[in-house]
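After this come two complexes, each holding chain A, first together with chain B and then together with chain C.
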Partner chain A sequence: MNQSQNGAEAPYIRIANISRQYGQVRALHDLSIDIDKHEFIAILGPSGSGKSTLLRLIAGLDRPTAGRIFFDGVDVTDLPPHKRGIGMVFQEFLLFPHRTVRENLAFPLRMTNQPPQMILERLDWAEAILSLNGLMDRYPNQLSGGQQQRVALGRGLVTHPTLLLLDEPLANLDRELRNEMEVEIRRYQKQLGIPFVYVTHNQEEALSMSDRVAVINGGKLEALGERQLIYDHPPTPFVARFVGKSTRFDGAFDAASKKVDLQRYNYSFPYEEVAERKGNARVEVFVKNERFELLPSRSGSAGIPCTVADVVLRGPFVEYILETEADERIIAVQPKREEPLALGTKLSLSWNPSQCHVFPAGR
Partner chain B sequence: MSEAENRLNRRLFLHIPTVFLVIFFVLPLIALVVLSFWQTENYKIVREWTAMNYVTLATEPAYFIFFIRSLFMAIFVSVFSVVVSWPIAFFIVRHGGRYKLILSLLLAVPFLSGEVLRLIALQGMLGPTGLVNGVLLKLGAAPLRFIMYSNSATFIALVYLYLPMVVTTVYLSLLNFDFRLASAASACGANRFRIFSEIVWPLNLSGTIVGFLLCFIPTLSAALAPRFLGGPNGVLYGMSIAQQFGESGTWALGAAMGVVLFLFSMLVLGVFSLGIDLRRTGFTGMGRQ
Partner chain C sequence: MYAQASNERLTKWLMGAILVIAYAFLYMPIIHILFASLSSRPNFPYPPEFDYGSYIRLYTNTVYQDAFLNSLIIATCTSILSTVLGFLATVGVLRFGGRKALLYAAFFAGPLFVSEILLGISSMSLYYLVFELQGNMVTAIIANSVHCFSFCFLIMAALLYRYDWRMNEAAVVCGASPARAFYEVMLPLTWSGILGSLIVAFVLSLNGLDISFYLLGATPTMPSVAWGALRYGVKPELYALSSIINILVFAAITVLYFVARSDKKRPME
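Let's turn to the complex of A and B:
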């Protein structure tokens, strides 16, 4: 799936069929991604899925066992990191403890032999853009986590690299600061016009910042596409489970009536076709938590009967924890209304068939 | 734990090492200083206050020569040991894999035998009929004269004695070093040489200085190695001190020499410890205090 906007032209960054094997462990397997010049791409995957490995390969800190990597049409697979012109921000920051903030920021500039005038200019620029005023002469151990984060980001950005790689740079920050930094990072990316490859295991982070999302699982590319597309039309059950918060139901597809029947509930909805399989088939159904429709329970209504067990207020949203007759708990997210539903309210749960995702079971 | 109890504990813990230091370090040192201001005549101590010993040391060129010889020997041995230790320690840390522990224990094996024993073994290796020259003679080649009872032989012996110390210290320093910092430098555009000179070396400088001193200080006062291997022109300062307390029976002069050596060693320690700032090493890397 190549979503490159300029069609025939070679992509700015091309990762072609790379694999990385550590002994018996297949950290990455036959993975290809093309990245455009102005793109913010998020690499999303669970722990151990090979995200950091991919980033290390792009940076040149590690070599692939197979496959090639191209920057602007040039094969860089065998180039050492310092000849690739990249910037990188590490999960653990990895600031140089024996250097002040100023020296840490100047380090990549000095290593790439920039003239002193340029170094001064860039330091001023970084100080301003990352609001590091007053911190420039401190040592890393005299900074808070968020400040260290900004310095780490600055160190990746000062050289205006061809590509910035970020490995879970916000994982060590608290939520407040994280939201703030998310906005900031995206702003820098737009301002600089260079591609950012942003690794995270946090799907919210991936969706909130990126243009495109690459989902990897067990070293393989599960999905790659516009964030909205990945969110609305997950191509695999894994993606449906991993991206966005959703609830999973077991069901069966009846080819004759073109309907999906849920196994544990007396609920069915029309469904056109389950891909790849003919005839009756067991299926998995995923419904995003915010796409449930809640109606007051009436005798004879078609939905899944349930009661409100708990209500969690989340700013402009309300999370209803619903208990079904099969003793399952389902979370339904609704926009906050004047008066949230009371505990114990009996409801009927349903959804628009075109808004849920159905996959053949046991894939 | 209550505040008072806490304070008591802290005092106890501070006092035990203090008592230890006073008994085993400060008292003998005072005795040495006192003795250095007395005199010895005919193997007897004369308890008269005088600075004669220090005047002798300052005016008699032999002692100055011994001292300078010792100083250069210590510098050469320590610098050489540091230079050799780095690649060895680096290799073990980076490529030792699961043999790391075994390899580092192997470093300590020579410590298992006594110093005299090791020196006698070396004498057997380096002497005129020793292993090296014996083999050379058998092969019809000329023997290596410079390793027979010379300052070179002392140098080899001292390196042999103290190199394991330095390797172990540098090894421990590198073991604690966060090599991801080297990756970070690499991603910042640094080549191998600059990664080493800007990151790895400065962040392991403290460990290296400690290793250097652990070699330098005992080498400066070395008495046994030059005695076994040094030959006629190989008298070192420490060996001379030993002679004052032994054959010549001039204990007071020996004490004065000891005091000078002690003061000089303290000076060296002081100067070098200025270069050690643990907060700026990889030990507290990742920015934690």
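Let's turn to the complex of A and C:
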């Protein structure tokens, strides 16, 4: 790929003010992301948020209505996909059914006119790195889902592309395989040192693999940042709701006493930061399910009174399904203890004010 | 146990018999013509007395040869033209048809229901009135293509319906130009449908009498010569000719069969 002409300052991949409109529908609106050379970036959003459109625009399978895309300082917005030097992995794998694994892997090398010696070397490399030994002469429909996934990854990676685009590549795999592949995919990215752009609606995948997460909603960039930051300090109510598992409460902020009062519960906690409005302002409060503090219920305790309605064991964690007096169900996640709390136990639910997120309501 | 086994054997035997009857029903006329063409007594060839005279007379008869050549040209051109158009229509309907795909498809299949005679007469007058085209081979090919197009469209639409268009995208992001994506990926995955369409269009236009008849006038084609010959009594050359055509058609079907089988031979699961 061409050397950057703007010096080291220019980002490796630059997506600048991209918009895509289909008739009256705005699929993407004025979206900008810069991606570094060694970065694993996850594009996270609900279905219909425009995240797949963004990936298709980067791949060149679709053209933006406005905005430019740069690879390594070169404007590729008007280049067709086959001249962009990218790799792409699809949710449905889309391996060529009439070709063996070897031919599938060699396909991008042949299309880019690599010398035969190079093709052989890269095939060996892919066979080794993806542990495809003994599968090279099989047809795709003779492979398991996980094996097909690895071949699809290999087909995306053999040319050592400028970047690899992944469109929900694990959505069709079962849970166990998915966890295994998450680790694998991250390992390939570190080994190759090329950017991976990973589109998913699954926040666990986004958080487990990526360096940075871009959250997209309604065609707009909601948040972009280090995964830990996005998780711990969601900048918008949408991100708070979508990343991690949280419970939402309606409340009111009292500017005089600097306290948030919950509407349906006799519970309040001190809060400093809601500065947008004066007087009593309605707010939304989000608490991550694993950040609830559960204490035995005592008369006069400050928390939300509730009873244990069900207990779900999740290996190292326990989910307590709690019923409140307002007939709401709240899930609290706790590390597994020797003796989980019994059904019907009365508890008092509270949280550390610095660990929850408060946003002005009605946005 | 025993009763059941013999029941099964009976069922099997009965089904075999029905199959034989069905085939006999389909093929007796064709085999009769083959016999008649090879016999010295074409009007009642049983028991057969083999004689190749009719084939030799056919070989020396230039009218039949011209007709055969004309039919071959019409059939070849028609099958290619209608398959190309049908393929484009299929791509358009399946890929860009959206919610109205079925409506578009219905109108593409519509000409199937227009009778061949009407199509022949109307094409003849239309081409003459509007374009001042005399009936000739070109107009015959065009009119035949109108008829065959719908068949080609239906055959290819049925096959390409299951084709995943994202395969082309997968090829293109691998670095293949759109043309190479077509040759390397789409064509190998859909060629049995395309070949089926070619063969059906070829057979239809080779044997079709009405359309060619109205558009060609005096230019002989196989079906028109055969039809004309009937008026002066059936000659054994006609039997020989029919047999040759039938054998050609069977050759085409055999090719289709092996194509379909080689497609299936690819391991499933």
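By our rule, the second predicted complex is superposed on the first by the 354 of 363 C-alpha atoms of A that agree within 3 Å, B and C clash if a C-alpha of one lies under 4 Å from a C-alpha of the other, contacts with A are read in each partner's own complex, and residues count from 1 in each chain.
Convention: a residue touches a chain if its C-beta (ideal position, glycine included) is under 8 Å from a C-beta of that chain, and two chains touch if they have at least 3 such contacts.
Model, not experiment: these values are computed from the prediction.
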Fit or clash - chain C, chain B, common chain A: clash
Touching partner for A:Ser19 - first (chain B), second (chain C), both, neither: neither
Partner chain in contact with A:Thr100 - chain B first, chain C second, else both or neither: neither
First, second, both or neither for A:Ser348, with chain B first and chain C second: neither
Which superposed partner A:Ser49 touches (first chain B, second chain C, both, neither): neither
First, second, both or neither for A:Leu143, with chain B first and chain C second: first
First (chain B), second (chain C), both or neither touched by A:Thr200: neither
Chain B versus chain C as contact partner of A:His82, first or second or both or neither: both
Touching partner for A:Pro108 - first (chain B), second (chain C), both, neither: both
Residues of chain A at both interfaces, chain B in one complex, chain C in the other: 59-61, 80-82, 85-88, 90, 92, 94, 96-98, 107-108, 111-112, 139, 141, 155, 159, 165
Residue numbers on chain C that touch chain A, as the complex places them: 164, 166-167, 169-178, 180, 184-185, 188-189, 266-269
In the complex with chain C, residue positions of chain A that touch it: 59-61, 80-82, 85-88, 90, 92, 94, 96-98, 107-108, 111-112, 139, 141-142, 155, 159, 165
List of chain B residues in touch with chain A within their complex: 178, 180-181, 183-191, 194, 198-199, 202-203, 279-282, 284-289
Complex interface listing, chain A residues touching chain B: 59-61, 80-82, 85-88, 90, 92-98, 107-108, 111-112, 139-141, 143, 148, 155, 159, 165
